[in-house]
């Protein structure tokens, strides 16, 4: 995890930086609103990435943002095992991510599929998620 | 109430603007963290001021910040009646704001007095507040 | 809508106030993190209520919080028509709120029912929601 | 201004809704983090739009989000007059928005131009902004 | 410390999860508003707990929330020594937590006691705190 | 990095604490809005400081704030090398911080200089920054 506090960069610039960091291979990038000295509303940048990418991500943050320093912390992670299944909804096929770990199993419709179908059929995103949830339940019953 | 969404100004610049607006006579100025389009972490500026100051405050906001527009809304207000009393604490005199309205009475030690004494005696701010609270209670008992 | 900026009340006190205001009949109460002058992290209290309750809610806010003033604004509202239906899930009956307006219809499982069943069966809240979503879909098909 | 408090919609769903509302012609859409009853972290949706679009935007919000109600408030606005000029930087042409109002004049490099050139030349966004600022200063000197 | 970023769970669901984690023995649970990619307003879950509970808390987070991964970090802690004393206020007995460490001593009225008395006597929470503060000061004087 | 969650201290008190900690030699102090149990809006205090100052900063946090415990984490840091240059603007001299690291070079006008000139000439802070940016560009050209 790499972090930097940014009080001399615009929101416009920060929106740009998020894209640059994700394209460069960061696992995840997120912003937290913070309050710094001298009445400054500011933003904390957090970048999650592979340890092997540490130098490249640091260089990128120092190049693209206004900060003159970053800080690092190693976190350990537990990630559920994932595979994908496809279900048929009235609007078309939707992939579901099936995640399993230590007796826990979760199925989540893939956002990209649902968003695409919602736009194509001019229906709410919620409707596609619900259709995928119903289709997944029927699939599980048949098993 | 005057508001503007700011996504192209730095936190450093916003800290400066708060001071400028308060010196110009705004009743109150505060910042709210918001999230705007294109992944931009941004800040909403809210300025409370006298209706008669509307044009001057607008001019100042447009001059000092990056926004190209502001929006206005009139809010009605209920403000408690206030007077000040002074109590003696072991660290010196502290003013209390006494606020009354519709059967409600509240006493609050003045921040500036408490902060000054805390620094002078190298004691926590909390200790001065508590001393002022105790002194106020004794005063009320004597009445 | 009644609002007040609070920079001299603790979070502990604010948690208490939310309960008091909801019990007194406010439609809704929510908190927004704001940043006030002198480097103060603060909280904006917003209370939504019936216009007829304005004086009672004002009195309550002034009594229970540290603020010495509140501000008011009238907002107009559009509220969807609602009725409730009950569906049977493998875990028991769950009410669904059916909301309709201008060609839009939405069904939402009631939180209280789902939370109760999740606790009773030691299953995730998500599982009960999904079961209710599936049951609602089957009901709609039968219509 | 149309607002709704959302405590039963995912962040994923909210990212989608922002796009839908902006495509439908809303002037601006932004999110504010709020805290609702029952320990719920929630999001306030604010949509700024033309009064003539009120019904269409309401219908869209009720259709696409989980809320069962929205609230409205009319704000007055002051918007600076704007025109665009083009300056030549070492990286190519950049448009500047020139905004004027009541004796105030501001020039801001257009984000889209700067972002495009930054990506094309593999340089920080900041470098393009600075180049545009310098080019604009030279232009003003020549006038 | 266990953390997870949640962009596909509702606020309603997060309110439920806080209760579940606290009941399961987490020391503390808190939410931070964050902003994730694709314009998603999201929530960071932070759980503080005993290292021995790490697996159980992980299992619970993966089961009850929508995340497919969590991250861990060990923090060292300094906790003040605590004992409780009871003071008599005009409204009844109130416990005070007395915390000491390295020359620092603090007394804090217990929230649960103050809240109970405030509700019983229909007085502001602040009034009970102040009464407890005054009673504690008298106790200290008598020592 | 030292952190503490504060739900029983006022914003007023937190503004005071920030000053106290910075004066005591903390590198940086910032606040993050968080949401704690029992519907409490709260604030996370983060203090960055030298490891050698750990005990002194801990003592100060426990003395000046309401928390009864703090937690620690060591972060590694990469800080750019810095030196200062002075440029002449139409409003007077402004220092620029020049930061370099691994092929990256950034120049930033010093806030204190810009703020002082903006106030002296009654011009926006932005105008001084832009003048300093232009002056720096001319300096670089002459090199």
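The letters A, B, C, D, E and F name the chains in turn, as written, and every chain counts its residues from 1.
One rule holds for everything that comes next: contacts are C-beta pairs under 8 Å (C-beta built on N, C-alpha and C of every residue); 3 or more make two chains touch, one makes a residue touch a chain.
Note that the structure is a prediction, hence the values are computed from the model and not measured.
Novice: Considering only chains that satisfy the touch condition with chain B, which of them also satisfy it with chain E?
Specialist: Expected: A, C, D, F.
Novice: Minimal path length between chain A and chain F through chains that touch?
Specialist: Graph distance in the chain contact network comes out at 1.
Novice: When chain A meets its copy chain E, do both sides use mostly the same residue numbers (more than half shared) or mostly different ones?
Specialist: Result for this pair: different.
Novice: Using C-alpha centres only, name the chain that sits farthest from chain A.
Specialist: The chain farthest from chain A, judged by C-alpha centres, is B.
Novice: In terms of contact pairs by residue number, which of A-C, A-F or B-D shares over half with B-E?
Specialist: A-C
Novice: On a C-alpha centroid basis, what's the spacing between chain C and chain D, in Å?
Specialist: From the centre of chain C to the centre of chain D is 29 Å.
Novice: So how far apart, in whole Å, are chain C and chain E when each is placed at the average of its C-alpha atoms?
Specialist: Spacing between the chain centres: roughly 22 Å.
Novice: I need the residues of chain A touching at least two other chains; which ones are they?
Specialist: Those would be 8, 12, 18, 31-33, 35-39, 41-42, 63, 66, 73, 106, 111, 126.
Novice: Select the category (line, ring, star, complete, other) that matches the graph of chains linked by touching.
Specialist: complete
Novice: Okay, in this complex, where on chain E does chain B touch?
Specialist: Counting only chain E, the residues touching chain B are 33, 35, 37-39, 41, 106, 126, 130-131, 133-134, 137.
Novice: So in the complex, the part of chain F that touches chain E is made up of which residues?
Specialist: Within the complex, chain F contacts chain E at residues 3, 5, 8, 32-37, 42, 44, 55, 58-59, 62-63, 66, 68-73.
Novice: Where on chain A is chain E touching in the complex?
Specialist: 1, 18, 22, 28-33, 46, 48, 73, 75-80, 82, 97, 99, 101-104, 106, 108, 111
Novice: Using the touch rule from the top, collect the residues of chain D that touch chain E in their complex.
Specialist: Touch residues, chain D against chain E: 6-12, 14-15, 18-19, 31, 33, 36, 38-43, 66.
Novice: Which of the residues in chain D end up touching chain A in this complex?
Specialist: 12-13, 16-17, 33, 63-64, 66, 111, 115, 118, 124-126
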